[in-house]
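Some structures are shown below for you to check.
What follows is a pair of complexes built around chain A, which joins chain B in one and chain C in the other.
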Partner chain A sequence: MHTVLRSATKTVTIGHDQPFCIIGERINPTGRKQFQLQLRANDLSRLAIDVEQQVSGGADVLDVNMGVPLTDEPALLGRAITMIQTLTDLPICIDSSIIEALQVGLETYQGKALVNSMTGEEDRMDQILPLIKKHGAVIIALPNDATGIPMTVAERMTITEKIVRTVEKYGIPLEDLVIDPLAMPVGADPDSLKVTLETIHSIREKWGLNMTLGASNVSFGLPYRHAINAAFLPAAMSHGLTSAVMDARTPLIVEAVRAADLLLGLDPWGSNWITRFRALEASKAALNTGA
Partner chain B sequence: MNHDELIKALYDETLLGNAPRVLELTNTAIESGMGPDTILFDALIPSLEEVGARFERGDYFVPEMLIAGKAMSGALNVLRPLLAETGAASIGTYVMGTVKGDVHDIGKNLVNIMLEGAGFTVIDIGVQAPPEKFIAAIREHKPDIVGMSAFLTTTMPMFKVNIHEITKAGLRDEVIIMVGGAPVTQEYADAVGADGYAADASTAVRLAKDLIKKRRSLVPA
Partner chain C sequence: MHTVLRSATKTVTIGHDQPFCIIGERINPTGRKQFQLQLRANDLSRLAIDVEQQVSGGADVLDVNMGVPLTDEPALLGRAITMIQTLTDLPICIDSSIIEALQVGLETYQGKALVNSMTGEEDRMDQILPLIKKHGAVIIALPNDATGIPMTVAERMTITEKIVRTVEKYGIPLEDLVIDPLAMPVGADPDSLKVTLETIHSIREKWGLNMTLGASNVSFGLPYRHAINAAFLPAAMSHGLTSAVMDARTPLIVEAVRAADLLLGLDPWGSNWITRFRALEASKAALNTGA
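Coming up: the complex of A and B.
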């Protein structure tokens, strides 16, 4: 199954036979005090740095979240999307849990967007899916509902089933549905990622759907987070994860993903891997000669 | 083991989060005639204070804090009925919950651990707690403080809804209200009419104690 995302000029395909899709997580004010202050003062200049670092780091798609308290999030998100589309041709993942913000985001965006996200709660699906259909966008859905985050594979599969049926009912092709199988911090529950990996495997077996998750969440509260993130992603990929909202600026993590592409047969003859190596060598050489 | 050795072992094993050993030592201490308040105030609370201090300094990590909290909770289950018998007063009752629409519980649980560690009686009403649940818990437990946690900018507005509902139920003057969570700021806490906000678990405990002290000095019991 191929999930296609587009900007005005560029197409990105997510699939089980494709190299992993890296969705850069950085454009998000959560936990970034300085960035929050700037956004509240309507200063979007920081976006240029965040975009540049993630593009050069190897992102395929950029997540854009403008969730700052006490601001007009829909307006802010609309402006950010317009600005980012002048800075890069990468497709965007419009990230908000406010319907009006998603609406403005989708109206502003040029292309076929990824939308992050909706839960399996019926009222949420009934609010968001008509928007997805209208704009021909792709929706990320989480298998949790009003009762909280289910901690068994069976419960997550049941809610995923409900999501799949509802998406079909709205006449949206399953290619335009991406499931987030929920990755929780391993520091808070030693067994929770086993549930995540098994859920990924089961969803792939049953529907062949594309999947994504917030990968940096797994290392919350622990030291050397980058190494944990770098170990988690290849494990999730080998179970069937096809994309992640993740750190695209740390070479160790991006390299772990690209190496896993190669090892899992998603980068035949290592052509992407070797091209990346040559580019790195070239930029090192340029630095050394002072060019 | 003599008295000092028992206290030290309880302190050390709680610090390491060794729940089975802490439980065992608690039972040994009780059998040896040690008062439950001594176990609590001379060993467990200082140990959890140290856990909090290490966490604040960045020397301790989330799993270490969680297992220390679990070790302490195990001991408290044994001590609670004994403490009630001896009439040793809890320093305050704290009702805590994550607001409706929000399933994040790690931050809330860390604050609960530090509150229990400081001698508070904590009533955890869980995640996705609607206003009715906060109100029912206030009526049932008559807490000094109600704590609300939210991790998302989209669920933070529930603070205001909850405070409005608590006010409508005529309970606003009965409780101190504290709010917290990753996206929450002092400015936001003020805007929704909360009495207190803290950025981390240790600060939350200090603030909780201060707010109770201030209130009790205003309203003589």
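Coming up: the complex of A and C.
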């Protein structure tokens, strides 16, 4: 199954037979006090740095979240999207929990957007899916509902089934649905990621859907987080994860993903890998000669 | 299923509910010209350095191979094992393709040894399994035979079935059998490691056997090999690999393994991970203060 995302000029395809899709996560004020103050003052200049860092780090898509309390989030998100589309041709993932913000985001965006995210509660689906249908966008859906985050594979599969049926009911093709199988911090529950990996495996077996998740989350609260995230992604990819919302600024993690592409036959004969390695060697050589 | 290895004083348990077992691979003259010359001159002094590097890097077991052309390999292997057992209390994996060398190795070794390795050909099994039985050792078996290395999961499963039956026929308990599911260089065949991962998954499902493989092999011929090996092991572990013959000198790869332990619930609450991190921080601090 191929999930297609587009900006005005560029297409990105997510699929089990495609290299992994890195959705850069950093364009988000959560936990960034200085950036929040700037956004409250309607100052979007920081976006240029964040976009550049994610793009040069190797992001394929950019997640854009403008959730700052005490601001007009829909207006801010619309302006951010317009600005980012002048800075890069990468497709955008419009990230908000506020329906009006998603609406303005989708109206502003030039292309076929990814939308982050929707839970499996019926009222949420009935609010968001008509927007997805109208704009021909792609929705990320989480298999949790009003009862909370289910901790078994069976429960996650049941809610995913409900989401699949509702998406079909709205006449949205299943390739425009991406499931987030839910990755919780392993420091809070040693067995939680085994459930995530099995859920990924089962969703791939049953529907062949594309999947994404927040990859930084898994190491929350533990030391030396990059190494944990770098080990998690190849494992999740080998079970069928096709995309992740992650920070593209850390070479260790991006390299783990590109190495896993190679190991899983998604970079035949290592042509991407070797290109990446040569670029790295060239930049080292340039540094050494002062060029 | 628990596979137990012992030296004179230390026990190591391999299992799907245990932290991954790192079998240090470096005590081997293959590709090391200087070391080969020393061994031909009966000089085993280099072993002290190799053992120290693998042990301090985090090996749980040491693979010992003394395969040098134009030497008396059985005698050399016997001397090496005696010497190594004075240097470390880690169990040893006796590695040779020569029956007489395995025989001398097993007679010399103090403890319950791992033996590397046996193919699924009947004459090889009939030579090696009586030795394994006699010494109560553990055998690594490869699901290939006279026809070569099978490239499908089904063929590897068929040969594994034959190995399982033969091992049972000799009255050897299945926990003393470790299967090597065969990892070939991904640079030679883009799909080869998908076959390996599926084989691992199937063997775990069908028999619950422990497994090991030569992990350095997968990146052969490609640049930036450490990153490829570091991505491969967490993926293989997530499918059921419980051990690997690998070089413990590279922190990137050892950390990938220990992070995967944590992610797979084999290091509950990260106690090993945090201990490792603190030791790393302490050694950095000592360097910085000149202590």
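Here is the rule we go by: the second predicted complex is superposed on the first by the 291 of 291 C-alpha atoms of A that agree within 3 Å, B and C clash if a C-alpha of one lies under 4 Å from a C-alpha of the other, contacts with A are read in each partner's own complex, and residues count from 1 in each chain.
Heads up, the rule we're going with is that a contact is a pair of C-beta atoms (placed from the backbone, for glycine too) under 8 Å apart; a residue touches a chain by one contact, two chains touch by 3 or more.
Being a predicted model, the structure only gives us computed values, none of them experimental.
Of the two partner chains placed around the shared chain by superposition, neither chain B nor chain C is touched by A:Leu62.
Of the two partner chains placed by superposition, only chain C is touched by A:Trp273; chain B is not. Touch criterion met: A:Asn144 reaches chain B, while chain C stays clear of it.
By the document's definition of touching, both partners, chain B and chain C, reach A:Leu222. Contacts of A:Leu264 after superposition: chain C is touched, whereas chain B is not reached. Once the two complexes are overlaid on the shared chain, A:Gly187 sits against chain B and chain C alike.
In the superposition on chain A, no contact is made by A:Ala80 with either chain B or chain C. In the superposition on chain A, A:Cys21 contacts neither chain B nor chain C. Looking at the superposed arrangement, the partner reaching more residues of chain A, out of chain B and chain C, is C. In the superposed pair of complexes, A:Thr30 makes contact with chain B only, with no contact to chain C. Under the contact criterion defined above, the residues of chain A that touch both chain B in one complex and chain C in the other are 187, 222-223.
Taken in their complex, chain A has these residues touching chain B: 30-31, 67-70, 73, 96-98, 144, 146-149, 185, 187-188, 220-223. Those residues of chain B that touch chain A in the shared complex are 61-63, 66, 103, 106, 109, 127-128, 152-154, 156, 182-185, 187-188, 191.
Every residue of chain C that touches chain A in the complex is listed here, in rising order: 186-187, 190-191, 193-194, 197, 218, 222-224, 227-228, 230-232, 234-239, 255-256, 259-260, 262-265, 267-270, 273-274, 277, 280.
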